[in-house]
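Naming follows writing order (A, B, C, D, E and F), and every chain is counted from residue 1.
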Amino acid sequence: MRIRVINPNTTQSMTDLVEAAARNVAGPDVTIEAVTSGCGPASIEGHYDDAMACIGLLEEIRKGEQDGVDAYVIACFGDPGLDAARELARGPVLGIAEAAMRAATFVATGFSVVTTLSRTVVIAEHLVTRYGVHGHCRAVRATDIAVLDLENPESCAYQKILDECRRALAEDRCGAIVLGCAGMADLCERLSKELGVPVIDGVSAAVVMAEALVRMGLNTSKHGDYARPLPKSYQGILAPFAPRE
Amino acid sequence: MRIRVINPNTTQSMTDLVEAAARNVAGPDVTIEAVTSGCGPASIEGHYDDAMACIGLLEEIRKGEQDGVDAYVIACFGDPGLDAARELARGPVLGIAEAAMRAATFVATGFSVVTTLSRTVVIAEHLVTRYGVHGHCRAVRATDIAVLDLENPESCAYQKILDECRRALAEDRCGAIVLGCAGMADLCERLSKELGVPVIDGVSAAVVMAEALVRMGLNTSKHGDYARPLPKSYQGILAPFAPRE
Amino acid sequence: MRIRVINPNTTQSMTDLVEAAARNVAGPDVTIEAVTSGCGPASIEGHYDDAMACIGLLEEIRKGEQDGVDAYVIACFGDPGLDAARELARGPVLGIAEAAMRAATFVATGFSVVTTLSRTVVIAEHLVTRYGVHGHCRAVRATDIAVLDLENPESCAYQKILDECRRALAEDRCGAIVLGCAGMADLCERLSKELGVPVIDGVSAAVVMAEALVRMGLNTSKHGDYARPLPKSYQGILAPFAPRE
Amino acid sequence: MRIRVINPNTTQSMTDLVEAAARNVAGPDVTIEAVTSGCGPASIEGHYDDAMACIGLLEEIRKGEQDGVDAYVIACFGDPGLDAARELARGPVLGIAEAAMRAATFVATGFSVVTTLSRTVVIAEHLVTRYGVHGHCRAVRATDIAVLDLENPESCAYQKILDECRRALAEDRCGAIVLGCAGMADLCERLSKELGVPVIDGVSAAVVMAEALVRMGLNTSKHGDYARPLPKSYQGILAPFAPRE
Amino acid sequence: MRIRVINPNTTQSMTDLVEAAARNVAGPDVTIEAVTSGCGPASIEGHYDDAMACIGLLEEIRKGEQDGVDAYVIACFGDPGLDAARELARGPVLGIAEAAMRAATFVATGFSVVTTLSRTVVIAEHLVTRYGVHGHCRAVRATDIAVLDLENPESCAYQKILDECRRALAEDRCGAIVLGCAGMADLCERLSKELGVPVIDGVSAAVVMAEALVRMGLNTSKHGDYARPLPKSYQGILAPFAPRE
Amino acid sequence: MRIRVINPNTTQSMTDLVEAAARNVAGPDVTIEAVTSGCGPASIEGHYDDAMACIGLLEEIRKGEQDGVDAYVIACFGDPGLDAARELARGPVLGIAEAAMRAATFVATGFSVVTTLSRTVVIAEHLVTRYGVHGHCRAVRATDIAVLDLENPESCAYQKILDECRRALAEDRCGAIVLGCAGMADLCERLSKELGVPVIDGVSAAVVMAEALVRMGLNTSKHGDYARPLPKSYQGILAPFAPRE
């Protein structure tokens, strides 16, 4: 089974981090193929970045379809281009936010999201509503760490995130933490040990759930809204992206 | 006052149709600048097209900002790229779906949407939830006419749409109809006369509401989630789209 | 185009204030006709006042219909008698709360309402639910200034409102403020400049949106729930209010 | 214990019908005082009538307070003026719609409302949302019988209502029927026998629940939103309605 | 009329307390029969206890049916086994949480629940959603008093509850308090006097409402979801609980 | 890894069927231990059965904890005793309804549930609300086949289910089917092939998702609401079920 984990931003070091997290949980018969978007933003920290990131993401889905990939993971907590990707793909496509949030509902009555910049909080909140976890998500908390600073030792990212998790557990009446950025994947195990509660990294969650769906024999439904895009003419720099038969 | 009406698909004839509808309602001191996306799909009929259409749309917003445009209208019923556009723009940005749906709530207790392909119904439904008009929207009905066939006389589009509106008024307990595609703008007046109820075209609604907001002195809030995108590096074919200071 | 702006309370000075705000935004071909209710409460600060204010309001709508007015604005943040007014009126009727809240959703992902007395907060909250803006409205905050004290210099109304707005922007994660009383209309521009975010006055919002709807050729739907009231006998002091053919 | 059952329309025969239903269920130590509004519409069949009916209703509440009444029932399925009445009253005030709907949730997982004119359906639907019974109310069905025709033998009201109830039980997957008009109160027992399911008349429900609340020693809370209306000046024909200390 | 009040835990002293509260409000023609579950937990303080308590509860319902009881009250704020009990019972079955919460909505625009252990808060919150009182319930607050410590003078239960109520009234913008445990029933009157707002005990509320429903002639609907359980074979220690014809 | 799949009813043949479905999808390093409840109903077809089934279910969880099982699946579409089981268990506990519904949201924009008896529809609907999939679940449809008749060739179960699925796909605008009973697990693959859309069996979904959570290192949170039940005395036939330290 081949699962393609797509980093929708162009930062290779984040892809490496995400790949490690994916490999850590993948089953014995699963091949993880981590790829970096070929165009678009270096990090995704708002609606504009999110929209722009879809192009490179969808290109990777298209390539994956040519390569016969079994399932995809979109490794960005905004789950950008999820519905568009599902139109293209035969196999399942999972966003890390949806996978993490659903996983949390299996192990706690309430969870809090701890994420990066304040301005991304509303994106996470829209997903909370979209995924129907409004009854479980107690809060979405920001640490005001830029995505690319997560890997910068001088940003004290781990400590800030740990402190925010502690506040969440004390104040939000939650039983689990969902990490709100793919770039936090490598901190998951350490946070979990230190906090003594389930801490959920969406990359891991999406990889194991993608594997689960493939094992069940489930593919994206092509009856209705996720049917393949209708063939049509595309212009300009996006001409190569036109859907074909 | 300059209002830029953006057709996010690349079909000039649709831009012309939309421009006529916009000019028909614009106030005496308003200049309508209708522009056609320079890249992307010829029509938008699904999630993939929707995602792809954002690039050309955002490019037009960017150009509009350079030109000092006062407000924007996104002339596609999926309201693609709305939040991203608001990050870029100083002045207000309105999607035709949100404008049409809100307008409907001012004149009826319930409305039905009559749109094009069945597969787009779920996109409209997501917007109904997103815009909080779930209590007003009685149904989203499809006519299964392709967007570009609206202008094709052989498709009998007007008759099909009229029939669907009649069914809606008879069955859905609604008092108004919202037309679910920019390409239906030219049919609005005729349908309204024939049906005897308010029929709302989103292009008209968005243009007059954009003018209204500018007249009030309202601009997109730059405090919080719609602040300008953070400057960062963009790669590949999207390198020119990188947000600058 | 004639827009009748109705003050549902009997305080002429508030009508004057509201009239000034309306004139400030009305388009060049719009005549603003500001009228004061002929009976009922001097100010509206609770459910009882709200119910009682409907009589004078509906009388003004009735007179407007005789005078061939094109649209109406109900200049009270409780939007009293809105549905009843729409049954009577041919043209559109807008409440200032619904207009302000919808305007806010066009320019920010979240807004807070800053209003007068604590006891009116629940009325605003009911409207938030009714208008489907629950996903956008972050909070409804009270300043505990009586409606008629807004114009009293000794009440330090402006400072109190400014401070509450500041708290809202700091704590509620909102990007815009909605002023929760018609009597705050004259403070809007100053607050906006001082806070640097969109501040929305419902009187302005309703006037420009009413104009927008008329420009679109939209009238209140007479198919269904907003059909004219059925003719019937009325008794007692309300006998003159009986709906006729 | 004195319970005042107020008919907010001016039709004495409806008051008599309602009084009989109330007396039928009242406890042994309860005095039912049925009163007819002294002004306003002969029947309530829309938003305008609803708003106009509040005056006479609130006058009866005021008189009841002077007379030391223990609780009130508003005998109209639109529950007009409910919040305003609660500001005035010391004891509990119940609307027949809220009482009926809540009673239904105690005895069935789902109920359907069968009411009079189609145009009143939306009023009932707003109450369903307001009272939080959206999860229980399967449908609101109209019989298109005018309120005052319920007592007219030529209208075949009983048969029409019976048929609509049958359709509801067959199609809506409900286990109980809520009668959507005070004027249906006398049909309740017969319908219940014939259908073999709980049929709920709001007049009975509100009377017994009002008695229940008084027995518990519960009065309307005067802390917060239902505090007595603030004293203020009222003008014109409503001058006598000014709230006093 | 015979109302059986069932204590679903096995602690007789709690049954006595509950019985006194029930007798205090029951009408003159009502016989209160308070019974203690014959098996299961000594107190109910979590989901496990809640599930386990259903057995003894349902046994008491079964016995009540044999004895021809007219209505039942489940005297535990988790309303355990409510739907199952309604399948068994002919007459109405009320849980004290649903009765208390509905009673609160009749007398205040908002209420707060003050309950025992923190871990039970989520159970109350699920009921708030289930009963559709989310628009009225401002908060669910815990006092961290174990259920069986309510009767222990050394726990200072009254003072802790009073303090929590005060905080609720000051901070939650509520007008009434709902006591979140049957074991608080005896504190109700005293709290109400001291706080000056409606304080609602679910035992009282459920008893008077059960009486109300019986007076109306309402029984649990046997059409649909609350029909008697289908006869079938049961194994093991639960063999005696098999539903019969 | 050991996953215990619990059949909460006492019918061994259903356990065998469920075991086969579980084995079919389990990963290479997973041991499936299928167990049958030792007491309670032969099948679960209503609220009463559901409540009664919890005892045997929780006994199996308790035994599993003694045996050091890694995760549990509750193989009944009512997900009975889910929260109680999570209080007891260290590892994750999944209900088949929650797993199936979440799986559906990963592969389609909308799904319909096809289940057994009409009277169980409301149980599924409550779970739809509880799991926040209201935006995805288009309908819950019944086939009126008794649970134990699924395995009876004379009931033509397969054909009835197939027909109902076809109606769902034609009428509900869904892209996937969720099978509403553990006893349909063996029909899943055949239905999927014949219908050409994803058909989801909850047993498979829950097994693979349980495995996924264990692979992620996630256990049920013991911080807060799912903490182990507090030790206390239990009486009567349930005395052996008392929670210990």
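We take it that a residue touches a chain if its C-beta (ideal position, glycine included) is under 8 Å from a C-beta of that chain, and two chains touch if they have at least 3 such contacts.
Just so we're clear, the structure is a prediction, and the values are computed from it rather than from any experiment.
Of all chains in the assembly, those touching chain C and also chain F are A, B, D, E. Listed here as common contacts of chain D and chain E: C, F.
For the pair chain A and chain E, the CA-based superposition corresponds to a rotation of 120 degrees in steps of 5.
Distances between chain centres, each the mean of the C-alpha atoms, put C farthest from chain F. Chain geometry summary: the mean Cα position of chain A and that of chain C are 44 Å apart. A straight line joining the Cα centres of chain A and chain F is 27 Å long. Residue positions of chain E touching 2 or more other chains, listed in rising order: 83, 86, 109-110, 118, 121-122, 129-130, 135, 173, 224-226. In terms of inter-chain touching, the protein chains here follow a pattern that is not a line, ring, star or complete graph. All chain pairs that count as touching, in label order, are A-B, A-C, A-E, A-F, B-C, B-D, B-F, C-D, C-E, D-E, D-F, E-F. Contacts from chain F toward chain D in the complex involve residues 118, 121-122, 129.
Residues 25, 27-29, 83, 86, 92, 94, 98, 102-103, 105-110, 130-136, 169, 173-176, 189, 192, 196-198, 200-201, 204-205, 208-209, 211-213, 215-226 of chain A are the ones touching chain F in the complex. The touching residues of chain D, when paired with chain F in their complex, are 109-110, 135, 173.
Within the complex formed with chain B, the residues of chain A that make contact are 10, 37-43, 45-52, 54-56, 58, 81, 83-84, 86-88, 118-119, 121-122, 126, 129-130, 146, 224-227, 229-230, 232-239, 241-243.
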